[in-house]
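Paired with chain B in one complex and with chain C in the other, chain A is shared by the two complexes that follow.
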Partner chain A sequence: MATLAPDRGTGAAEKPLHRVARRAVTGAALPALLASFLVGALVLLSAGTNPLTGYQALFRGVLLDTNLPYLAAAFAPILGMAVSFAIPLRMGEFNLGGDGQLVLGGITAAAVAMAIPAWGLAGFALAAVAGAAAAGAWAALSVPLARFGRVPIIISTLLLGFPAVSFASYLARYPLTDKGTGIPQTPRLPDAMHLPALPASAYVNVGLLVAVLLFAAYWVVDARTGTGLELRTLGANLRFGEYVGIDVSRRTTGALAASGAIAGLTGALIVAGPPYRFIDGALVAPGYTFTGVTVALIASGRPAGLLAGALLFTALQVGGTGMERDVGIPRQLTAIIQASVVITFVLIVAVQAYRARTKAGAR
Partner chain B sequence: MNVFTLGFVAAVLVALAPVLLAALGGALCARVGVFNIGLEGQMLLGCFTAVAVSASTGSALLGVVAAVGAGVLTALVLGIGSVRLRADPIVLAIGTNLLAVGLTGFLLRSILDTSGTYSSPDLAGLGRLGDTWVGSVPVLGDALASSSWVVVLSLLLVPALGFFLARHPAGLRLRGIGENPDAARSLGVNVGGYQLTAILVAGGLCGLAGAQLALGNVQLFSEQMTAGRGWVAVVAVMLGRGRPGLVLAASVVFGAAEAFGFRLQGLGLPQQATDAAPYVITLIALLLTSARWRRRPVAEPLPEPTAESSGGTR
Partner chain C sequence: MTDIRVRLAGITKRFGPVVANDDVDLELRAGEVHAVVGENGAGKSTLMSVLYGSVQPDSGRILARGTEVGFDSPRAAIAAGIGMVHQHFQLFESLSVTDNVIYGAEPTRRGLLDRRRARERVAALVEEYGSPLSPTAIVETLPMGLRQQVEILKALYRGADVLILDEPTAVLTPAETALLFASIRRLAERGTAVALVTHKLDEVMQVSDRVTVLRQGAVVASPATASTTPAALAHAMTGRDIEAATNDEPGPVGPAVLEVTDLRADPVRVDRLEVRAGEIVGIAGVAGNGQSELVRAVVGLRPASGTVRIAGVDVTRGDVRRRRAAGLAYVPEDRGAVGSARSLSIAENLAVGHLRRGWLNPAKVRAFAADLMRKHDVRGAGPEATVASLSGGNAQKVVLARELEHRAPLLVAENPTQGVDIGAIEYIHRELLAYRAAGHGVLLVSNELSELIALADRVHVMVDGRFVASVDRADLSEQRLGEAMTNATAPDAAVTTALVPPDQGASIAADGSADTTQDPAITEGRPDGDARA
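Here is the complex of A and B:
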């Protein structure tokens, strides 16, 4: 996992902006992004489309004023899922069950909110906490599975996602369904539980603030606390971490629970935004989870990179929707570009590491 | 109701075949010291290629061949990247799995002009052995009634791979690399070459698994139709500790869970419960066998293919 090694440890406080800028130029993220747009162009060409037409529509989709609210609305869940994936990534573990945790958080919040309809916004806060707790517990389940059953966390989180999605789908179809609509969805939340919209637009609500606060908390924990240092140490070298006395099992449980809880909270916040209900499949369909995975991977979980990456990939996703509407190119192109970013990024990192090794050998 | 009829066996064989094929590929990788989690994406691209080629040429065989090619090509990214360039195999596999989802979704819309699910009368399926002369063989005919020749091939591959690993010189070297790559290298064995070949063969088997899934089990392509089967295959490899016979046993567990789920659905259980059953059962099986295995005080028979040792080539 050497390629995902966190910061070099020194100078975390010095001129963060300068360091970010330098890393952007010399690092692998920008070249990977450029290469991925080339891959996307090749895919467009092979599908018989002029890449310029496609990319023009993509950028128009991002810059169009009317799309700005969507951009802001998609940013919160993507940032949330990026932070969710980043936390265990910092210690070298992968939580691939984000979809299941997202959905579990959403359906739990919807269920709790239905039980206490008169409690208003405070009631929804409680519901969201319940959603986060359920999703956090579900994610943390992979730790005993790893410890006592030797199931790697990357596999157990992913496999646990399937029953979670099925369970939520069952709840939305039968016990919690909005009777009479025939659509697998829960009833609309009472008006008092809707997240207040920010002045900008009905699609941008307090959820964005919560996501940004969560991100800020992650930044502080990662850069300024012992917990963050311990996680990064374990990520850099698990054996060394054990040697210096870090409680690996406790840290893993904590990281997975926090990761799941943030995914669950993200799901709850989506449910409390328009159309104010849990609809089967609606939380998974936009691909927030894997956009978050992409962002966190190319940022190696570094906070500044997460923020920049989340902005960039939100723009890409919104632009893709605009492109589909304008010129009929399937928006899955953006998923191809995202996946290519992950692949080319890790390849470029490997080549850079190889060059560094040979240079060191020559000296 | 007695579910354990020959009809049930037939259903289990069909359900387990895609998982088994992918898992045999994964087992080959595990034995050479590569933790391969790219099976899911390779299988999905196999599904799409099989359907697209079969629909446009009207030949199921061409569809299968193309699917195998697609699996190998996808595995090439993973193989070259992780073995030759020494890139992180886990992240690379996550990337190729994502790429498969995006690419098949994009091509489904741009080439086949559909979204969601594609199915067409032009689509040539693999056929059922029950409709051929095999169907008139007493017991075998009923057990293989809904299987295609790919299912039979997958079952034959189990002893073939077992023999290869146990007896063939190349299989011996391959296991040697898995045990200790440095020792193998010092004996002049081409470690990278073996690992790359194993990854490519696994890719081909995943493509074949995809073809069976999309042209045999059903005759359609739908987005993300592999639905975690590639991951179940990864678990089957771990359950079977990379041994073909045990991997088959693990695949039977999954196949039986899926076939049993279909039966229960017929009895009125909600589809969501039966959808989830195979994954839950697979996880429980893994948990039980690993826990039991742990108590046995023997030396580790196989280097654990964990994320940690997945750097493998180093």
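Here is the complex of A and C:
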């Protein structure tokens, strides 16, 4: 997996725009995408459906006016989780505990909001910051575990996710539960704490803006700061980074804390959107975390790819729902396409790496 | 002695746009040692790979004993009597000499490995060539010189009468090198055709009969060794006159910039090491004697006991970052794995050493890189290109540029010219001397004695992690350093003797064709002589 992390730039000087275009064509993402739609077509054929009909329905599902708000609403958490995973990925570390951090952020925000119900939107901002802080601290816990316990970060983040989800579930069932409903959920947030909707639709709220801002901040830090350069350097060659004097443990802690905090903030923003409460399982079930992981992996954490990938995968999910409704093709088809994208992408990257190795060996 | 064993005719090989070999002719004759020299990327390795069947040429012919052959694999080349000793030995370290020699060509009986015959044949081979090797010895217990003999025996076991040696002296002590050359001469006298790939011109002059010079993939000269000079060869390799940089006058020496006391970091046991401002202190030794551990302990990449002070600051507990802040710059041996991030751009590689704080302005990063690249003559690409796209010499200049730009009181340079071409070597040597002249201290660790003799004010000879001798500039010579290395390992070194075919074994020294002038210990290399006597 580590081969996915480094920036795979090659060759001589070119104009940045040309480079982006060349990467898109010769890189692995686009071919992988085409291949996965072919796989999807084969699946449709074998199920006795005309692939054209299926894909038409899929695209209609995406572009249908009534679906656009869902698209926009799902886009924010997917983009947020993609950014969350991308930050440590840039330096070659994997934070697989996104689910736990997402949920921890959500439940912490709900708990804090319940404690200060009269504070309104400012109160919820405070609650969201608390959620981000809790999730960030939880993610950063992996660094001492790696340093003193020799547990790889990819493992500890993943494992720390489970107690976090269970703990949130316990809170939603007992201490913080909305008594009388019998459902494991926290009470509905006071109206003043609901994220204001954007003019477009009730489902599209300020959360989308926050996610886009977070993404922009990631882009700026990555491309325009010494910190971004340090992270990319560590990702490209850890030993070089250490040699050149980068404080590796500080950067690792920072990257994981930021990663966790963004996941936590994403969770908090979901809670402040409809239905305005923390419901056990509701943050994990849509699979935002691993959709984000997939997007970030395919983009190798590169900002431009992150944005495009988040859009595409959101569209597939929303379009899948439309396709199911319109022509009765189960939306699992889109899961198949997503999985094929990942598999073919990894295959192409592996083959390219193998070719590069044999070519280098011949010299 | 003019029968041609192998002839390469009009070999051309392209890798993408790069022409690695351009219409190359090469004749290997029985009884002749043929040196193949050229800078990095001149096409030596490709040519040898073509000869050994591991690379297929785009055009050209290979003739073995006059008949055209096509080597589609090393197996075919071996069958035609070609053997190759790679720079990095291809041995199973945990297996015995016998197992290594027979591997891939095992004698069998009824489909099963015939261990007894294998032992007998290898023992016979060892005896025939007067090698001191024990067939049952485990390879990992052997010194480098003997491991190389195992490689040569491997080739001979397969009936090689054409032997390719790729940079064979890189891992040898001077004494071992002399023994190897004696072996090479003996094999040649017995009729073996030897191709010696090297970049060390003094070795070419010492041991070869003919030399082929490659430049940018093409043969530019192929004189008899006796009729050429090192300067002429260097000129042919680079296309220009190379004036070696040397440390001519001692400069004013200032305060200590590096003080190491009682350093222990297995296998390093260094009681005292001091580098003062305005001097270059060399560490000599054969690779693998603790030099890299010493360097890593000094720069803070490896834990060690003892104290380290850089520019007067006690950094014993500091990591690389703290030591750099105290006044350290470091050119590591492995520029690909440690000294650079190959997949990042040149600009990023330079910026990460200097522009890490706060905001990065891409235009400024580029300008900074362009400036340094101009100053250090990094050619072949712009600041946006990856380091991986550069040649070895230019990649090393990027590393050097970044480290020199720190203008740190102490520069630690570890084999800074390894694997770079002659032009770049000369350049790097000048830069190191200029750095010293500017009042900085340099700790220069090198496997190349000539480099230390040219540059260092003082050289410590390192064997088995210890300084066994310290030699001042006035007394520096290859012989003096070589003796120090050999004497320190005397009990072991004596075991290593030359491979000598039986019919020629009487005496090496009497024959005079081999270089045996350096050390009396070398003349012990006789099949009949008990080396320990």
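By definition in this document, the second predicted complex is superposed on the first by the 321 of 363 C-alpha atoms of A that agree within 3 Å, B and C clash if a C-alpha of one lies under 4 Å from a C-alpha of the other, contacts with A are read in each partner's own complex, and residues count from 1 in each chain.
The definition used in the following text is that a residue touches a chain if its C-beta (ideal position, glycine included) is under 8 Å from a C-beta of that chain, and two chains touch if they have at least 3 such contacts.
Since the structure is predicted, the reported quantities are computational estimates derived from the model, not experimental observations.
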Does chain B (first) or chain C (second) touch A:Ala118, or do both, or does neither?
neither
Which holds for A:Gly226: it touches chain B only (first), chain C only (second), both, or neither?
second
Which holds for A:Ile154: it touches chain B only (first), chain C only (second), both, or neither?
first
More chain A residues in contact - chain B or chain C
B
Go through the superposed model and pick first if A:Pro163 touches only chain B, second if only chain C, both, or neither.
first
In the superposed arrangement, does A:Tyr243 touch chain B (first), chain C (second), both or neither?
second
With both complexes superposed on chain A, which partner does A:Ile343 reach: first (chain B), second (chain C), both or neither?
first
With the two complexes superposed on chain A, say which partner A:Ala285 touches: chain B (first), chain C (second), both, or neither.
neither
Residues of chain A touching chain C in the complex
6-14, 223-226, 228-230, 232-233, 236-237, 239-247, 359, 362-363
Please name which positions on chain A make contact with chain B in the complex.
1-4, 43, 47-49, 92, 94, 96, 145, 148-152, 154-156, 158-160, 162-163, 166-167, 169-170, 173-174, 238, 290, 293-294, 297, 329-330, 332-340, 342-343, 346-347, 349-351, 353-354
Within their complex, chain C touches chain A through residues 15, 20, 45-46, 49, 55, 299, 301, 320-321, 324-325, 330, 332, 337-345, 348, 351-353, 355-362, 381-386, 388-389
With touch defined as at the start, can you tell me which chain B residues reach chain A in the complex?
37, 77, 81, 85-88, 90-92, 94-96, 98-99, 101-103, 105-107, 109-111, 115, 227-228, 231-232, 234-235, 238, 270, 272-273, 275-276, 279-280, 282-283, 286-288, 290-291, 294, 304, 306-308, 311
